[in-house]
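After this come two complexes, each holding chain A, first together with chain B and then together with chain C.
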Partner chain A sequence: MTAIPTLLVIILASFFLMRLAPGGPFDGERPLPPETQAALQAAYGLDKPLWEQAWLYVSRLVQGDFGPSLVYRDFTVSELVAQGLPISLTLGGLAILLALLMGISGGLYAAARAGKTADKTIMTLATIATALPTFVTGPALALCFGLWWGLLPVSGTGEGWSWLIMPVVALALPVSGAVAKLTRAGLATVLKQDHIRTARARGLSETTIMFKHGLRPALVPVASYLGPAAAGLLTGAVVVETVFGLPGLGRYFVQGALNRDYPLVLGVVTLYAALIILFNLFADLIYGWLDPRMRDE
Partner chain B sequence: MSVYEIRDMAIQIDGKRLVEDVNITVEPGKCTAIIGASGSGKSLTCLTPFGLTPGTASGSIKLDGIELASANAREMHLARSRYTGFVFQQPLTALTPHLTIGKQLQEATSQAGPQRLSRQELALMLERVGLSRADERLDQFPHRLSGGERQRVMIAAAIAHQPKLLIADEPTSALDASLRGEIMALLDGLRVEHGLATLLVSHDIASVENHSDDLIVMDQGRVIESGPTVDIITNPQRDYTKRLIAATPRLTEPAPVLPVVGDILMEAEDTTVLFPRPGWRQGKIEAVADASLSVREGEAVAIVGGSGSGKSTLGRAVAGIGPLTSGTIKWQAELLPERRERSLAMRKLIQPVFQDPVASLNPRWKVGDIVLEPLRNLSPELSSPERNNKLAQALDDVGLGPEYIDRVSTSLSGGQAQRVAIARAIIAGPKMLVLDEATSALDPLVGGAILQLLAELQRAHRLSIIFITHDIASARRLCHRIVVLDAGHVVEMGAMAEVVENPKASVTKLLIEASKR
Partner chain C sequence: MRALFNRNHWPLWVVLALVALALILPAILPWTYDQIDWDAVRAPAFSGSHVFGTDEIGRDRLARLAAGTRVTLMVAVAAAMVSLVVGIAWGATAGWMGGKVDEAMMRFVDALYALPFMFIVILLMVIFGRSILLVFVGIGLVEWLTMARVVRGQVMALKQRPFILAAEAAGTPSIKIVLKHVLPNIAGVALAYLMLTVPQVVMIESFLSFLGLGVQEPLTSLGILVKEGADDMDMTPLGLLLPGGLLVLLLICLTIEGERLRDVYS
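And then the complex of A and B:
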């Protein structure tokens, strides 16, 4: 219910914040003659009062028109986004899957061996994975697997899918660490609960108890982390895409901001915000599946 | 031939011997009950042999030929999945929240072998334990069912694989008083029908005396008395057992002599409390509707009803600690305003005591600070020595020595904590106490002592009391009059003796029946 107003607030805030920054889209190294400047400003409607521009932008957006790019003059924002989005979505989607896979299985294994060496090792690794930023892990991976051992392509999209491995891993590592910790902590709480004793009293094996009776309620904290994590993966992708030279949305986002390409930045922000809101809605649905009690609240 | 036989069992946790010298025999179709206060080791005794506690059991524990004390993993699996069914105390948490009733029943059925039952057969199992609309329940998640319904599901699951032994650990303690009888009757019926050997654990002697063949009384990890239930109840040998039997309030005991009452102190008229419905739904819930009651000086009035009847809400509204939507509350014919507008002198008049003594004391505070808090707020004019005198007096009144002043509240037992809560309530010199299920969470011995203490305070300070409870037998030990609430409405009101003798409303009859157990 709150998704549309939230989106609107984000768009308007970004719109005015960007205009607060000095400079404009047509300030090059060689200043244009004032008449040309004025003509360009008028052509893109930048000479109108700020409120009117905001209103025009939002009303066009509602009709699905993201406007023209002010720097890549021959392209509309929609065309640029259509080029970058598939790469960013593939990257982010695979990274989330990998993070969940590594994190949940790591957390499960650690919880099953609570207090033992395996548990401590996994939790230490999880802490390290969470703490290392992608601009460190990305180049480190590229150095090892790309330059020294020559196993994987260092940059660009190339043939097949091997170019995806390193960016996805770099992107997934911090999230997988957090997911492992949350899973482990969730299981530690759930495995002490009464219904686990009931399951044990039925003579079920510890593995069955863990997967059938323990895991789902234990993943509730992971689900609440998933929304913000998705945001992290999308914005974190800016760094990873730059490091691995991938033509995803992140590149347009950064360059758009530096060039004061207002419609391009706003378009990407809108898209990011919509995706993040979508992920949060998705997480709410997952809650209900993990713990049916939440459906009634 | 006994199904389950324990000889000279001891239980250790982290090297500490918590239970010793336990001997128990359970025969097919018979019920053996273990009775004891909390901490007596009764739950450890029944769950540890099956590896369901952190403890380890030694001695001889024979379950249909399997020696549980030295069982390997395969034997333990067999003992749990084939031979034994368990019913636990907390039906609200004992079922897995994300699996439907049907799935959990299916799992319970197949624990003894890979058989799958049809939907009709599963529904039939639920009908057999007295659940209506059985087919619909199979697709429901546990949280949609009430406590009593969930306990029925637990029982159905516990016997689904046709075990030889049923272990029921406080199966009715967490349930509404009026449901307890029904659940016990269900267990009795199933035991006879299936020839189940039953081991029943309870802290409440009255709740098992009509449902067990043999009784084992435990205290501090030891069996202090055992034998046929009838013999122990009619002719207890040990002092502890005698006290345990005497502490449990019964409607058959002679009526107590209550103090003389004075003039009307408090009058509540047409008290109504509405709550907004949760979530997006429109409308209000009527928790209390047009309830009127009066309390005289030195008089104790019981407000009784099942859970959800509005008895606590009414008590809180009267005491000025809960919401009041409409109605008037008068104190000696003078109108008491809404809770936030009451002056210090008005707040001093009525003080509350709550159900869970440990939860109602700040865990970080010392006893002295807890008891003094009302005095600091309500009588700021007192000097420090005057305050300390009152503190010592209040603790003395509730039977606690000055050594308790520096104790942290978390180090207290349930009974001690409830005494501290009562000291906190009386220190500012109130005229009336509102006691919300003040003895319900306590062991019978401790609860009995608290009732005794309240009767003494009532006499010594000429205190008026509103005693909120579901247990008419407890209320009868203290109260002159009784007000019965059902769904927010007063359905019956009168002198205690008359109402108990000749109840009119069906709810009253049900609650009296529940008090007889």
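And then the complex of A and C:
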């Protein structure tokens, strides 16, 4: 229920932050004549009092109108977002799937081999993975697979889906490390509980115990990490889109912020915030499925 | 103290060695980080006095690495300190006061956790002129949340301990109890989380610098060096691999050491 107020606070905070800034969207190489400046300001409603502008913005936003872009003059923000969003969503969605796949299976295997070499190796790899920033792995991957070995395209979207591989891997690596650690830690706690001992006493195989009785409750910490993970993936996507020259939302955000394209930046921030809040809600729903004891709360 | 010399603590020694190098090298190298050697533009490694060669405008790579590491670590320590101070003040107040105050303060922290903070920081950087001071204040203000949660939990647990109750019964003023009896007892845990904050901060600072929103030229940082290297990697891969490798090594060592400390205290 807190989703809507949170979103509103984020929108308003970003709105006023942007406007506090010195400089505006119409500062070019050559200063415009004052009359032109004033006419432009009036045309975009920038001459009205700030509160009125904020109110106008929010009331239009509710109707799905993000306003015009001040820098890409021929486009509305909605059009730019419609171009960028599919790319960013594909990147982020695939990255989180890959991260969950690698992380959960890694964590599961490590927990099954608890205390052995495999466990230690996987956990060390997970720690290393969490410390790999996308802005290092992205260019490094591009250097190896793109420039040296020529296996994958270095930039742009191009044909087929091979352009997705490197950006998705760079994004997924740090998240997969964190997921592996959380899965491993979750399993370590769950496997000590009574229902597992009962399952063992009944003579069930280790595989059945792990997958049928251990894994589900052990994934609760992973679910609570989904929200921060989504935020991390979105910030990572900003870098990955810049590195690999992909026309996603992240690039519009950085470009827009540097050019003081107020509506564009606000639109992207609003979308990002909505996505993150959605992800948190989704995580709340998953809790109940993972651990039925939490449904009543 | 002896535990530090255990060979399991190699990550700590790597970090200390890198810190020492970053501090000493600029003093003994023949080149400064912003000095251009016109006779050796894009010099390969081990040519003349340039151990790692020079970049695309003839600046010594090793000198730039040392200077960049120094700035990155400086920002990291300063920002981690900001998060430490704010986090302890907030968490200790909430934990000590309890009740409604605690609930309100922690709700606030929960709400902030849900925000896409990176974007607010990016906006801040764009708006208020990208000064190095703002970089660490901005990052510090993002990173205090976990510290506040941890400290609050610790304070609440301590509050029930006999020696605190005894101090209260003896009429010691609250502020004195918190400062003299509570805070020293949470120092270990706070230190562990401070260690874990440092790599986070390093990552955020490099991220901002990479986007051109953090530390500004002529100052340099590891993030800027990675960015420069990435732009020029088809000509000289070394320009990307050196700062990238150094940054990753630093992050890995700090993370391993931080997690180890945290596990000791929890």
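As a working rule, the second predicted complex is superposed on the first by the 297 of 297 C-alpha atoms of A that agree within 3 Å, B and C clash if a C-alpha of one lies under 4 Å from a C-alpha of the other, contacts with A are read in each partner's own complex, and residues count from 1 in each chain.
In this section, a contact is a pair of C-beta atoms (placed from the backbone, for glycine too) under 8 Å apart; a residue touches a chain by one contact, two chains touch by 3 or more.
What you see is a predicted model, and the numbers here were worked out from it, not measured in a lab.
Asker: Looking at the overlay, does A:53 come into contact with chain B only (first), chain C only (second), both, or neither?
Answerer: neither
Asker: Taking the superposition on A as described, I'd like to know which of chain B and chain C A:231 touches: first, second, both or neither.
Answerer: A:231 contacts chain C only, not chain B.
Asker: According to the stated criteria, A:293 is in contact with first (chain B), second (chain C), both, or neither; which is it?
Answerer: The answer is first: A:293 touches chain B but not chain C.
Asker: Look at A:6 in the shared chain and tell me whether it touches chain B only, chain C only, both, or neither; answer first, second, both or neither.
Answerer: In the superposition, A:6 contacts chain C only.
Asker: Hey, is it chain B or chain C that touches more of chain A?
Answerer: Counting residues of chain A touched by each partner, the higher count goes to C.
Asker: Now for A:273: first (chain B), second (chain C), both, or neither, which partner does it touch?
Answerer: In the superposition, A:273 touches chain C alone.
Asker: Quick check for you: in the superposed arrangement, does A:199 touch first (chain B), second (chain C), both or neither?
Answerer: Only chain B; A:199 stays clear of chain C.
Asker: I'd like to know which partner A:83 touches here: chain B for first, chain C for second, both or neither.
Answerer: Neither: A:83 stays clear of chain B and chain C.
Asker: Could you please specify the touching residues of chain B with respect to chain A in the complex?
Answerer: 50-52, 76-82, 84, 86, 88, 90, 93-99, 107-108, 111, 141, 143-144, 154, 279
Asker: Flag every residue of chain C that touches chain A in the complex, lowest number first.
Answerer: Where chain C meets chain A, its residues are 111, 113-120, 122-124, 126-129, 199, 203, 206-207, 210-212, 223, 226-227, 229-230, 233-234, 237, 240-241, 244, 247-248, 251-252, 254-256, 259.
Asker: In the complex of these two chains, what residues of chain A are touching chain C?
Answerer: 2, 6, 9-10, 13-14, 17-18, 20-22, 127-128, 130-133, 135-136, 138-140, 142-143, 147, 227-228, 231, 234-235, 238-239, 242-243, 253-254, 257-258, 265, 269, 272-273, 276-277, 280
Asker: Once bound in the complex, which stretches of chain A touch chain B?
Answerer: Spelled out, the residues of chain A in touch with chain B are 193-195, 197-204, 212-213, 216-217, 289-293, 296-297.
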